[in-house]
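Got some structures for you, see below.
What follows is a pair of complexes built around chain A, which joins chain B in one and chain C in the other.
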Partner chain A sequence: MSTTATQRRLIRNDAPPRTAGRESIVSRSGAMLVMAVFTFYFLIPVWWLLVQSTKTRGEFSSTAPLWFTPDGFSSFVANLGTLFSYDSGVFVRWLVNSVFYAGAGAFLGTLVAAMCGYALAKYQFRGREVLFNVVLSGVLVPATALALPLFLIFSQVQLTNTYWAVFLPSIVSPFGVYLARIFAASSVPDELLEAARLDGSGEVRTFFTLAIRLMSPALVTMFLFQFVAIWNNFFLPLIMLRDQTLFPVTLGLYAWNSSIGQAPELRSLVIIGAFVSIVPLIIAFLSLQRFWSGGLAAGSIK
Partner chain B sequence: MKTQSKMVAAAVAVVTAFALSACTGSSGGDSSTASSSCAPSSGKVDLTFTTWVPGMDKVVDLWNQKNPDIQVKFQTGPSGNAGTYQNFFNQIKAGNAPDLGQVEYDALPNFRVQDGLTNIAACTPVSGAQDKFVDWTWKQVTFDEKDAVYAVPQDTGPIAMFYRKDLFDAAGIPVPTTWDEYAKDAALIKAQGSYITNFPKTDVNWFAGMVWQNGGQWFKNDGNDWTVDLTGDKSTQVADYWQKLIDNGEVSKLASFSDEWNKSFNDGQQWTWISAVWGASTLETGAPDTLGKWAVAPMPQWKSGGDQAGDWGGSSTAVLKGSKHPYEAAKFAMWLNSDPEALALENKLGGLYPAAKAGADLDAFTSGQEFYGGQKIYDVFKEASSQVNPDFTWGPTMTQTYTDVSDGFGSALGGSGTLTDALKTGQQKTIDALKAQSIPVK
Partner chain C sequence: MTTTSLETTAPTTGSLSSKRRGRPGGLSLRRAVVVFVAPFGVLYALFYVIPIAFAIYQSLLTVKREGTFGAAQQVFGGLSQYILVFQDGAFWGSVGRVLVFGIVQVPVMLFLALLFALLLDSPLLRGKKFFRLAFFAPYAVPGVIAAIMWGFLYSPSLSPFSALTSSVNFLSADLVLWSIANIVTWVYVGYNMLIIYSSLLAIPQEIYEAAKLDGANNWQIAVGIKIPLVTPAIILTAVFSIIGTLQLLAEPQTLRSFSSAISSTYTPNLAVYTTASIPNYSLAAAFSVVLALATFILSFVFLKLTQRRAFA
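On to the complex of A and B.
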């Protein structure tokens, strides 16, 4: 944004005003080009995944990597069948686990973060900024770096290799708290809260009936962020889990992929499994897209 | 087992490097576990066993049916270098490691040095076990220490030469029996527009298998100090040999086990593959169009009439540190790796080639193979298995050594430096790594 603004200012200073419009078209098509390149770049792997999942094992090396084979559809169905029945349907279990970790984790995580952010934005108390800064510094620490300390702590309380081991750390979202605070500060007017209090609404009720609705665009954003983060989380489950019935789909696919040497038939399963595993993310994005972009913009206002 | 996901493994290794150093820091690298008594526990015993061999849960089920008093819980994860070893170390540190874990031979010294293994020599199930396993594997699990057994050999990867019988016959090129002949054939095959084989830059353990065959030794441990010798005569000889093939453009430089790699085998671009026994199924699935055209012969020899083979891959079942039931764990490990029924199932579901001598006589290994024109290829591997030098020792930081040498191999294939240079760099970096972990090195 600022670059274009600067450019425009420069252009205005150096060149006659009437060329400004033409330059702007050039820069606009330039931007479109860049976006097209990036879209291509990001979608090609997905396309590859789709095409490869319609192939039999022998066809991986003998057919064009980016186009379908004539009997692609039947191979696709056959691959799906194998995927869902392999090892007594363990892949379905992984999918269900992932939906649980990501769905419940993102829901609770969003709720907790929303409450924290709201409290930080709307209540005056000692140490508020300190607390907020501590939470903010949490954004800077990568989750991966915390996995091992978490493992050692969970070992102390014998919670490794359980659902809790992955679920509990997933509901913590410092970035969500940050987003919630910014958004609560800008979108929940103090006057409204005053009015609610005057009408006799308790603080908890005010939060759940009033604030949460005003904050809902940001909440969707936070939910999606958190959902994707947990869905893609790989390192924590890798360290915590040993029982494959607890695995999320990322770890399960990774384990399969690492065993291709011994069981080459897993290769096609990993590919179609990876494809199936991104479908829920695509659905989540498309269905919540409107809120998502709205929330993003709103979060950046302050 | 092959190390395919090097990149991921490296990433995992880097991220958890501090954990590793924490582990070594506390154990000091040299603590001898005396083989204390090993008595059976009373009552019902529950064990945990972590492995990444596909289908191993079925084998565990079989054991559980037969042994109501010793119940084994199957646990799994990605292959060793892809994360499970690091998990073992974390778990050993946290005191909740599984009783038994799958550990490849080249990773065992790392576990030994970091004091992650339980000595089960005193457990009666392993007494006399030495005779049941192929000779060279036993030294891998005892480290030649007195009164010591740290793991039970599971599977091996004796190396032989897969070759396109049809192409060699049609072109009238003799099938090589020595490395000299192999090099001559390489030139003839290049003239035909194909490659004699592919040089796998990331499979440093394959290269180690070549050195192994030549009688080379990369590591030695005199009971206290480690010696690193990646650049010894035998090792350098192997490096120079392959460097020449690379310089002449007689070998391809594809990434192993990639799509292009499979394709080039499927299209008949590759005439031979010097590989381990498990490569048989890799070829079958990767190059389906070449059905019936392959055959297997012993590895080319450095001396005419020689009878040396190398090994590429293989695992053991180790009793990890902290197991409360070493006797039962040892009993299970012995059954798992020597009972004919278990071995047959492991081969069928997981593709394992057993380290137990009796395993070579399983039905699966005595019949002719359709993909190899009906040849009884496992006879070749059985013989190769008996020709593997038992004195080859792996180092305690193989992941690091592999990565460093592999980087050098990559440069050499790209035209800067040579394979020997890569070994020199690997040598220096390995010594540095040992010192950094305060492992005594000469």
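On to the complex of A and C.
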């Protein structure tokens, strides 16, 4: 509910301000200046990365670091070719792994968190408050503090250095349950559930046909949160994985970057690899940004 | 009549399930709750509760050898690992380092995030959508990648700002902590800005009308009305930032290939990783337990001190 209100205001706020005439020129240009300076700060590293990925190794220090060379495009294509073929295409493998860990993990994680949060919001049952508090404490327990104990447990059952070792722990998101509870409470009316009951729909069926649809904008937010958390997770794969064909792209680039000393040709691969790995994420992010705003408002206002 | 029929319908469903057993809707509702809670519950137990319990158990073990070259054997050692933890100067040095980092970096970052959010919510700016997107974009960059990028930008030979980086060594022992702080700020300001901005957008416009009638200007409205109303959002971002600070790992670990000033125990998590690689699992587990407890207590105390309930 607050989501739609927020989105309405988002649109309103982007329209040219009606009261602009009343504000003094000085404070308006001051505000624009602050924002312009910080735009430079936020975008220049990404711009630098883009420009550098269009250069050959010799051009790194010999040409202008923030502008393209005349044959930049062909160098870019050549760099891409090297990146995708190096070490029999291991970089593509890393990208696929990251998409799998983050995509499948966030999908399953959102589903189980939504079910649990929905139950916490919509049913009275014994132990409900205890359960919610236990889950909330989980939000305050840092994920990295779990990486080592998870490694010890997985090594007991000989599952370290497998996809499972990174995938399974990533599904669990206590913060997702917390969000799902808030979203379910605000977006699924009790009267509707009552009506579904009268129609003879089972509780589980009602959830999958009705509640999940009402919660869907919130579920996208939860999915995004978890996708980013898994995509960025570094400690767990670092501690679990030895075999580089299982690496997510962050760990793979870290490994390349750490061996630049022995293999300097990796430097251009690290640069273009970093660029290639963040482009899809930035695009996905920016195109789904309204889900961030709406969901974050509901999550923090409460 | 309508009322009665409604009243009778509800018990009818009840009696349907009471034929199956128990109070109205009792069993089917209880079964539904189990179906909803069980998947998350099982995963949470397996990958949160059991690991924590196992870490505590592991931290109570110690390695004993029969003579210098005898087979190593894990035996119960009580709190001996924790005594080692408290005697470990490098570990406490790393804790102190991230605390200093947090005391400076978290307020700076949140101040910037609040400033940008207030500006986006004010009538002063044009092109708000562009600024929102540009400031949020770095959040899409994983810590490792951000550290690699800034690592190159800091290094004198590759940086586009070589005039600056050749006179100031950002990767030196004195400055590298603040170079890391810059990376973390760069990634997270936009994200925190968006959280605060979202809660600014949720404030009904009517609240400002009275203030405007009283002749309050933008600045007075921002300080007197907006900031108090978004305080819960700021507290939420502060708690997550505190948790994040104590967990620092990816950025310093990645920067180690650019700077020799970052030791293998530079942050608490680096100390855990290094100790586990020896391998000394019991001491590393004790580090993890102490770190998790410290994080938990710090964010809990912060929530209590601010006397607001950021979590409903």
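Following the convention adopted for this analysis, the second predicted complex is superposed on the first by the 252 of 302 C-alpha atoms of A that agree within 3 Å, B and C clash if a C-alpha of one lies under 4 Å from a C-alpha of the other, contacts with A are read in each partner's own complex, and residues count from 1 in each chain.
Keep in mind that, in the parts below, contacts are C-beta pairs under 8 Å (C-beta built on N, C-alpha and C of every residue); 3 or more make two chains touch, one makes a residue touch a chain.
Computed from a prediction, not measured in an experiment: that's the story for all the values here.
In the superposed model, A:254 lies in contact with both chain B and chain C. Of the two partner chains placed by the overlay, chain B and chain C both lie in contact with A:235. Of the two partner chains placed around the shared chain by superposition, chain B and chain C are both touched by A:151. Once the two complexes are laid over each other on the shared chain, residue contacts for A:70 go to neither chain B nor chain C.
When both complexes are overlaid on chain A, the residue A:41 reaches chain C alone and has no touch with chain B. In the superposition on chain A, contact is made by A:61 with both chain B and chain C. Touch counts on chain A: comparing chain C and chain B, the chain ahead is C. Counting contacts by the rule stated earlier, residues 60-61, 65, 144-145, 148, 151-152, 235, 238-239, 251, 254, 257-258, 260-261 of chain A appear in both its interface with chain B and its interface with chain C. The part of chain A that touches chain B in the complex is made up of residues 57-58, 60-62, 65, 144-145, 148, 151-152, 155-156, 158, 160-161, 235, 238-239, 241-244, 251, 254-255, 257-267. On the chain B side of its complex with chain A, the touching residues are 1-2, 4-5, 8, 12, 15-16, 18-19, 48, 50, 52-55, 75-79, 82-83, 86-87, 90-91, 93-96, 98, 257, 259-260, 262-263, 266, 278, 281-282, 285-289, 350-352. Residues 9-10, 13, 25, 28-33, 35-37, 39-41, 43-44, 46-48, 50-52, 54-55, 58, 112, 115-116, 119-126, 128-146, 148-153, 157-160, 186, 189-190, 194-195, 197-199, 201-202, 205, 218, 232-233, 236, 239, 243, 246-247, 249-250, 253-254, 256-257, 269, 272-273, 276, 281, 284-285, 288-289, 291-292, 295-296, 299-300, 310-312 of chain C touch chain A in their complex. The touching residues of chain A, counted against chain C in their complex, run 2, 5-6, 9-10, 13-14, 16-20, 22-23, 27-28, 31-32, 34-35, 38-39, 41-46, 48-49, 52, 60-61, 65-66, 111-113, 115-116, 118-120, 123, 125, 131, 135-146, 148-153, 168-169, 171-172, 174, 177-178, 182, 197-198, 200, 202-204, 207, 228, 231-232, 234-235, 238-239, 250-251, 253-254, 257-258, 260-261, 270-271, 274, 277-278, 281-282, 284-286, 289, 292-294, 296-297, 299-302.
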